[in-house]
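Next come two complexes, and both contain chain A; in the first it sits with chain B, in the second with chain C.
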Partner chain A sequence: MNNSVPHIPIGRLLRSTTVGFTFGCSVPEPEVPLFGDFVKAPAQHGQSEVIGLISDILIEDDPFVRQLIAAPDLPEAYIQDQRKNRQVPIEVSVLTIGYRRNNAVFQELPPQPPMTLDYIQRCEPEEIATFTGSHDYFALIINTPDTSADELLPAALQRAAKARPADERRFFMLQAGKELARLLANDLPRLNTLLRRIQVIP
Partner chain B sequence: MKDESELDLIFPRDHNETSEQRPYLGMVVGGSLSQGLIVKLDASEFPGGIIEQLAIGSYVVIQGLTGRRFFCIVTDIALEHTNPALEANPPSENDVFSAEIYRSTVAYGRASIAPMLVLEQDEEKPKPVKTIPAHFSIVAHANEQDVANVFGTEDEHHFHIGSPLEMDDVHVNINLNRFIERSSGVFGKSGTGKSFITRTLLAGIVKSAKASCLIFDMHNDYGWAVRDERGREYKGLQQLFHANRVNVITLDPKTSQARGDRHDGALRIPYDAIEPEDVAMLEGVLALSEVQVNALYFLRRRLGKSWFQKLMSDDDNDREELDKYVSEGELIKGTLGAIQRKFELFRRMEFLQERVGDDIIEDIFHKLNAGTSIVLEFGTFGDSLPAYMFVANYLTRRIHRHYVAAKNIASGRQGDDPRPLMIVIEEAHKFLDPEIAQHTIFGTIAREMRKYNVTLLIVDQRPSGIDDEVMSQIGTRVTCLLDNEADIRAVFSGVSGASALREVLARLDTQQQALIMGHAVPMPVVIRTRDYGENLYADLGHVTNADPETNVKHAKEGLFED
Partner chain C sequence: MALELNKLTDQVSGMGETLAARSTELAARLPQAQAALKSMVDDDPILQRKIERALSFHWAGAIPTNEPVHARFPCPAHPERANIIAADGSQLYPNRHGIALYYLINTGSIIFPHGIDDAPTCASEPHLFYKNDDMYMGEHLIQGNLVDSQRDLAELRELARLTATEGESVPTLAMVDNGLLLYLGLHSSNQRRSDEILRDYLRALSEIHTTGAAICGVIDRPRAANVLRLLHVAELDKNDFQAEDLRQLGDYAQLTDRMLFESLQPGERSALFINASPENMEKYMPRGHKIMFFYVNTGSIDQPGILRVELPEWVAIQPQQLELVHAGVVEQARFGSGFPYVLMRAHELAVVTWKQRGQLEQMVAGSMLRSGVSPIISRKAQGKKWTDGG
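Take a look at the complex of A and B:
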């Protein structure tokens, strides 16, 4: 396992549980972080890497924003300054969908969550393609009670499809659709919605 | 989805087999021995594709967990789903993506299959199935080698009758010993090819010399050349075999000559040989009442052998003799008059004559016993059901009597067993109607099985009209398309696991397809019947357009055949 500091960290861990974690970052870039992105965080002192999906992005106010919000004719420079030098970080929630240890991928909850202030890194396309080679992690998503799973899963599958060559994407989505159909055979309205969401690959 | 390596574990690639030769179909998910097994069809490679390619009646092989291999026949195919809401809310017609996913998961194909035979590990001969494969056993299409193993190879005891559907290179061979051992039947609607299958079967029996056949050829289908609906000509049995193997006897020499048929004699029946039993069987056709039938027996008792001649006679002395019984009160005038009116029918049967020189019955028996099959051509009399029934009954009763005598002599070790005889009758339901089957010679023959070495081959389009007890004795049933529910039920009466095969029967093609089941085949099989043509002629030893020397050579060889 590589213990070095990641080249492109997108944040540091705020808090975590086995089923998910939250990291903080300052200003979001247009492409980072995105809802449905695959991210990874070191765990077990670097022996494993927890892999999760960005399931929520929370931008909270702070006392200064509250004061500014009421100000009339707010100059653009103030707005940009407040955004770049935030006092409260942007909170990004991640749903854990598996972990990696010794180059083996496990689509189940990790033995330990990542520790606070650990760097969070976005997964590379090859890592996404490898992790999504099987679909056992679907159960972790659709069974989670407090996440908008029906939004998260299509978003994640779109990322996973894009991580593959263009000619493999439709087959990948078909296989994913079949797994969904197996899991949601008794809930056809939900299945229908999900299938409609995953068949168009941007 | 089963990947290739897993399939290899289950179906090892011995005997040069590959998984391509035995394509994966699905897995056993339920069922029973009596009701058949349920197979969930695989949808991984081509969702919905397998179900469209799987024909009812085709063979599948199930590899059991204990090394047993089960041979089964597909009896039904169905579309299933895991959620009834799918019927109400199917994917839209443009939603190809969802439809493809549904077709391989929530919606799936289900096949019903009937296990028929099991091949135990390390054994070569399959046995009737007494157990079923375990849950989730793998089901695959049977390959040609599997089917060939079941139906054996053609030899002196087995005759090639056709090929399983979509397996043109595999021969289905019926066991002739078993075919003639019990009475058999060929059933099917008009125009489904009964006559061609019957002719092929008879050719096989004649060639094998395992039995002689006495064929009551109502429509002149078997003896000499026949034409099909398109006008193509096919050879009859007499053209295919030497004269010492097949003889044609005609009831109507004029028609036979006009047709250019070669015949070996004409049947003439003398009045004084006719017995009341010969006529009594026609009570339904002639509308004879019980009183009238009893009157026949009375007249036979009082008038002796000339009873029939006197009833038919216009001679005043004969009429006075009959009137005497009326005046003495032994016979009611109305009854006598009715009998005489109904007997007018016999005047049109020119083969009934007051005096006949030779005893043709004895001659026919000797020929049959010597291995010569007899085709009795009816000529124009084939259109007359009373004539056909009368002659068939008349001859069969007497030939059977000879066989009973010969068999009894053989039992006393004073003679040889008579050669097995198969009597072929058409329109069999007229002879084997439940009301008369108990009393007729044909009912007797069907019931007594091969006790006296005589069996029946009944050719019929209305098996529902045949007595149940007789049907239950039919060993081998060759059935072309039937669509009447009662007929289908009749064909399957007494066959275990028959319900599974009903759909197979109802889906046969209208021509050249037949379901064979029973004593002579190891398991029910739907066949495309063998083409009746040059290849068959050649297999039977017939040489088309051979030079005269070759014909003479063949004829000489035929003289010394068994």
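Take a look at the complex of A and C:
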């Protein structure tokens, strides 16, 4: 594993468990972080990398922000002050879907969660394509008690499809649909909803 | 056993009733004061003589200016582009029960670019005081009021630095969350240190003057009664009154100037007055920084929010600068629930939380250990930690 500081960290870890972790970041850029993004965090002193999906983005408020909400015609400078200068916490929740160790990918819960203040990075397209080469991680998403699971899986699959060449995307989604049909054979309404949402987006 | 709130029930109930009765009683006397202000004649030579006599008794009243005392001025237009700069300080006082004797002043500042969409520039600057000269006045440990004055000085120095760097390209208004008179330092038992602080404070005011910026001190919920003292002096029957006659406010006792000006319309300011306090007349005025003040309503008709705004004469006599102070305070207060936004932010940047205080204490302890000194708190402080859970 590479122990050096990642090139484009998007935040630092606040807290973690084996099944997921939360990181904090400054004001979101238009492209990061996004719901359904694949992210990674170092674990086991850099011996492994935990891989997860961004499952929620929480922008906290405080009394100062609340009183500004009611202000009429709020000039942009006040908004920029609140967004850029004040340390308004933005919390990003991640659902763990596997880990990587010694260049091998495991689609199961990691032996250890990442540590506080570790850098969080967005996964590169090649890493996403490699990780999503099999679909065992679907179970970790589908079985999560979080109600947004049925939103998260289609979003993740769209990211995974885009990480592949255009001529491979349709086949990738077809295989994903077959795996879902196997996992949700006893829950046809849910399967129907998910299948409708994993169409290939050009 | 901690505070037994159940034993306070009757006392708190009685307190509420007393406060309500006092409020009713004050409200009944307020119209008389408002009528007296309205009927006060400009350029009254008898009043002038009374004021001169009162000043000889170190009277802390208000001296009228060329503006009629009952005048009201609507909020002028804010310059389309201006820099509003604020600084605020917080302090950790010396703790003789702590691991070491030191104190801290942290100064927060913000440069708010009114009229453009850029984010303001924010900063905070901590300063640790620990040397013998910092901590001791002769044999005595530095008093809290001197630390407060050092903090006020740090705020003004920061404003002087920032107004100098911002230049004169756009109108610039500097603000502090306090009056501009250093009462605390002047009442200190250590006159030499007080004089040094005052000298440096006035020097910083002069530096701000040189930059062309305006400056004001903003006081929320002011308790001052300078204008009421003026009304009281005006109503004294005899012209040869004595100091004793000035000590009480007669019918205006316990009223405040804030109540007197609660009828200001939103955005309106009162007339300008000169602060007649001895500190101003004897220390500030001879050095070119006579402090004046007005009251302004930054609230609404239903809920007036009266702020006292203090400013040097060199700002007040320039109409454009006076308008910048008036409009700047009102505009900033629009986004701070009646109190200037930049002052709220400067405070936020300056404040030292309990958690940060603990972290600083750990840093100090580490430094002491590396230098071979054992960081030990007093037995009393240790006992408090055990019993207070802190």
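As a working rule, the second predicted complex is superposed on the first by the 198 of 202 C-alpha atoms of A that agree within 3 Å, B and C clash if a C-alpha of one lies under 4 Å from a C-alpha of the other, contacts with A are read in each partner's own complex, and residues count from 1 in each chain.
Basically, a contact is a pair of C-beta atoms (placed from the backbone, for glycine too) under 8 Å apart; a residue touches a chain by one contact, two chains touch by 3 or more.
These numbers were taken from a predicted model, which means no experiment stands behind them.
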item	value
Combined model on chain A: chain C and chain B, fit or clash	fit
Arrangement angle, chain B at one end, chain C at the other, chain A at the vertex (C-alpha, nearest 10°)	160
Which superposed partner A:Ala181 touches (first chain B, second chain C, both, neither)	first
Partner chain(s) touched by A:Val88 [first = chain B, second = chain C, both, neither]	neither
First (chain B), second (chain C), both or neither touched by A:Val19	neither
Contacts of A:Gln199 with chain B and chain C, given as first, second, both or neither	first
Chain B versus chain C as contact partner of A:Leu74, first or second or both or neither	second
First (chain B), second (chain C), both or neither touched by A:Phe64	second
Distance of closest approach, chain C and chain B, by C-alpha atoms in Å	49
Footprint overlap on chain A, comparing chain B with chain C	none
Chain B to chain A touching residues, read off their complex	82-83, 85-86, 89, 91, 95, 97-98, 100-102, 104-106
Chain C to chain A touching residues, read off their complex	110, 112-114, 116-120, 122, 334-337, 341, 344-345, 348
Complex interface listing, chain A residues touching chain B	173-174, 177-178, 180-182, 185-186, 188-189, 191-192, 195-196, 199
Residue numbers on chain A that touch chain C, as the complex places them	64, 67-68, 71, 74-78, 80-81, 83-86
